[in-house]
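You will see two complexes here that share chain A, one where it goes with chain B and one where it goes with chain C.
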Partner chain A sequence: MVLALRAASVVAFLLLWEWAARVPISFNFPSPAATGAALLALVRSGAILTATLTSLQSLLLGFGAAVVVGVPLGLVMGVVRPVGRVARVYLDLLIALPTAALIPLVILSFGINVLSSAVIVFVFSAPFVTMNAYGGVRDVRPRLVEMARAFDASWLQLFARIVLPSAAPMVLAGIRYALSRAFVGLIIAELLLSPFGLGRLIMTSRSMFEHDRMFATVLWTLLLAGAALAALARLEARLLKWRP
Partner chain B sequence: MTQPRFVALALVLVSLFAATPRIAGAAEELTLLATVTRVVNVPMIVGLRLLEKEDGVKVTVRDLRTPEAVMLAVIEGQGQVGTGFAPFYPAIEKGAPVRGVLELSRPEFVVMAKKEIGSVKALHGVRLASHSPKATVQSLLEYFLKTQHAGVQPNVVFIPEGSPARAEALLRGAVDAAAFDLTAAQVVNERAPGKFHILVDFTDQPVSSSTLVVNADFARKKPALVQKLVRRLLQSYREGARDPKFWVRERGETLKEIDDAKLEGQLRALVKIFDLNGGLERMKGPGAVQNLSFQVTTGNLSAPVSKWKPEQFFEAAPLEAVLKDVGRR
Partner chain C sequence: MAAVSAARAAVPIAVERVSKRFGAVQALVDIELRVGAGEFVGVIGPSGCGKTTLLKMIAGLLPVDAGRIVVGDRVVTGPGRECSVVFQDFALLPWATVQKNVEFGLLLRGVPAAERAQTARRAIAKVGLSGFEGAYPSQLSGGMQQRVGLARALAVTPRVLLMDEPFASIDEQTRRLFQDDLLRLWSEERMTVVLVTHSMEEAIYLADRVAVLSPRPGRVHEVLDVPLPRPRETAEVRGTADFARLVDGLWKILRKLQ
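Let's turn to the complex of A and B:
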């Protein structure tokens, strides 16, 4: 049933897309077939794979840093209440920050290289990792903590046996959400900052009115993001299989 | 009020309304789409103000973020006229119903480098900031290096945020050289006198940097309005070339934040890029072929150049009609 529904939604989407291309809803709007052919050509020429490798460097660097910094920070914020109260304000501001407007400053501070895009990816994703980790700790059931304390659990035992497992679902959900934000940040950085990788491919195709190539690159980015999110969801399910 | 009196009053009002003389041009409206307004656009803006003042055409100027967005919006008819940069050519190749009716400017770009970089040859391998892969400035750079300094390959980094951002990158040492417009070069010289110099000047290149592009459907339906537009822009170019103070005085609210004397200085430096004959030489005949050959060399149009005819891109009739009237310079 689920499979049939999924297939039906894909077919409906493709039909809608085909209709949009036949009307066409805008100049040179590519059909699904033209987009598919352009994607195939980009894969065969190696252009999209080279661009993907470049983009993945920024993504891994920025998103990796977001997880490495964001999760511990969120956990500390949740455990040490005063830190949480202070940091929460900054975190809220960071989430509301119009990051794209700061891109010229990022160039000047970090130089015109992959590091700049990684910084943008970090800023796009880190607040969500941190916020979820913080929320996860704050949502730990007080009764579990009381019970552990009643059994004379040490601080470390309390953290490792109660807090961390209870917060894990939210931490992992935060990482998954942050990954999708990281992809958005990556493309924005590559379009506005200094065109590298997939962003450069999109920009060049757009300038040349090769909309089929542009759509193909966007589609490829979506597939890439989809695959990464699915892999993360599997990892999440495996890590949390102890849950009822 | 009784019914006959009411009817009489209504009739009087209707006949008064019908008898009111209409200003012929007041009904005409024009939306021009441009990329972010810069100093180089001031002569065009002044021309549009003349069109409003002298011909009674209501002009709306809308800024869009990128030149390809402007092209798409003109193609879709969201504005009848737009500023056409490099994406104008591939758009025509893909069948866009637009035509160029006037050259807005020749290239306003230069390559500025640190004083230590003494020649174009020395640009090989150094970090050079440019706009984006298919931008006019990048096309000019590629064309220049390919045709005059083969083998010189700078390490081009793209900063699509505009000339001020590239100037800032140069000033802060993030790059060793940068391609940007003349006004940005003036700013760099003011902020760091003697530290940088203009290495390559593209302003004398015989190609169009930007073109006034009209929606073909609009041009067909309103040829007189297109001609008026061309006339006023040319008038602005000619009066401003005689005395750039004219542009400063007539600019209205455009770039009001820039001091008059400073703006005049910047415009004075740009005068040479505005053709007093509207760039007709690059819209017809051998000059047009050279213009298109530049676009082919830089990859904006597919090869060979022989398959392209100037009339596929340019509609010279309105400009020729105006020049017949006002004379050539």
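Let's turn to the complex of A and C:
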């Protein structure tokens, strides 16, 4: 049932796209077929794969750092309440911040390179990882802590056996949301930084009015993000199989 | 006494002139209560009289403000290994199977995995949940979840079992069967039991003595003897005139306290 509905939604989307390309809204609005052909050509020439590898470096670096820094930070904020209350303000500001506006500053500080993009990916994704880890700890049922304490649990046992597993669903949800944010950050960074990656491919195609190529790259990025998110969702479902 | 049985023997509890306040509220004043080794004592009183607070202090989960509590030969200053607690809302780990939930206390105490698994399986069998080892709490009824909570408490072979309204969120039929099972387990395991409840029938049916607390501030108003013969779970004690008379007597005390 769900599968059929999914297939139908894809078909409907493609039809709508085809119709939009024929209307024509704009003379250079590419049809699904043209986009597909451009994507195939990009894969054959290897251009999109090279760009993807470059982009993935920034993504993994930035997103990896966001998880490695964000999760422990959020957990500490949740466990040590005063730290949480202070850090929370900055986190709220960071989330509200128009991050793209920071990019020139990042370029000035780090130069135009893979590291710059990674820093921007980090700034885009880390606050959400941290916020959810913090929320996860704050949501721990006090009764479970009391139960473990009644068994004379040590501080470390409380943390490892009660706090961590309690917070796990929110931590994982935060990581998944942060991954989609990381992709957004990556493309924005590369569009503005330009010299490499998928963002550059989008920019150069656009400047040469090769809109089918531009669309193909955007579609490719979407597929990449979709695959990564689906993989994370599967991992999440496996880790949290106890949930009704 | 042999070493093995000594390690498992029930111990007495002495609550001596214990007081507790929360901010401006004097919760408990000069509580005196002695529970003999292997005795089953019920604690009852109007809601807000501090009976759960008293239980938590015996468990070492809350500090006393004045007086002291002695469990066995240990003055309670924090949670200890003599006591197990059964909670009203079961307090099961939702991410762990029945087996892992029952193993939890053993895990915290550093018992090796193989022994842990075996001990837990035995405890699960005792409460009648064999076959459900792999189930998650969310897949079980309230009564079954509380059986898991009881198995977890029993798995560490406590000398004292502290129960905080364990049957309050379980339906009546399940409750009666469960109460009988509890009495059977208590006679087998020879533990000291303190049961906090708001059900008069439950207190009379289960306990040797019932401590009645008065509200705000909580004091021990009266300790009622329950001279019903044991084993009660096999005889039809609930239908006897003696049982009705005792419940009625308890109601008369409680009514004056409201």
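In this text, the second predicted complex is superposed on the first by the 238 of 244 C-alpha atoms of A that agree within 3 Å, B and C clash if a C-alpha of one lies under 4 Å from a C-alpha of the other, contacts with A are read in each partner's own complex, and residues count from 1 in each chain.
Operating definition for what follows: a contact is a pair of C-beta atoms (placed from the backbone, for glycine too) under 8 Å apart; a residue touches a chain by one contact, two chains touch by 3 or more.
Model, not experiment: these values are computed from the prediction.
Of the two partner chains, chain B is the only one that A:Leu192 touches; chain C does not reach it. Using the contact criterion defined above for the overlaid structures, shared-chain residue A:Ile112 touches chain B, although it does not reach chain C. Of the two partner chains placed by the overlay, only chain C lies in contact with A:Ala168; chain B stays clear of it. Residue contacts after overlaying the shared chain place A:Pro104 against chain B, while chain C stays out of touching range.
When the shared chain is aligned, chain B comes close enough to touch A:Arg206, but chain C does not. Across the interface of their complex, chain B is touched by residues 26-28, 103-104, 107-108, 111-112, 191-195, 200, 203-204, 206-210 of chain A.
On chain C, the positions that touch chain A within their shared complex are 59-61, 78-81, 83-85, 87, 89, 91, 93-97, 104-105, 107-109, 136, 138-139, 156. Chain B makes touch with chain A in their complex at residues 66-68, 71-72, 75-76, 86-87, 90-91, 93-96, 127, 129, 132-135, 157-161, 165, 168-169, 172, 174-175, 299-300. Within the complex formed with chain C, the residues of chain A that make contact are 141, 143-144, 146-153, 157, 161-162, 165, 168, 240, 242-244.
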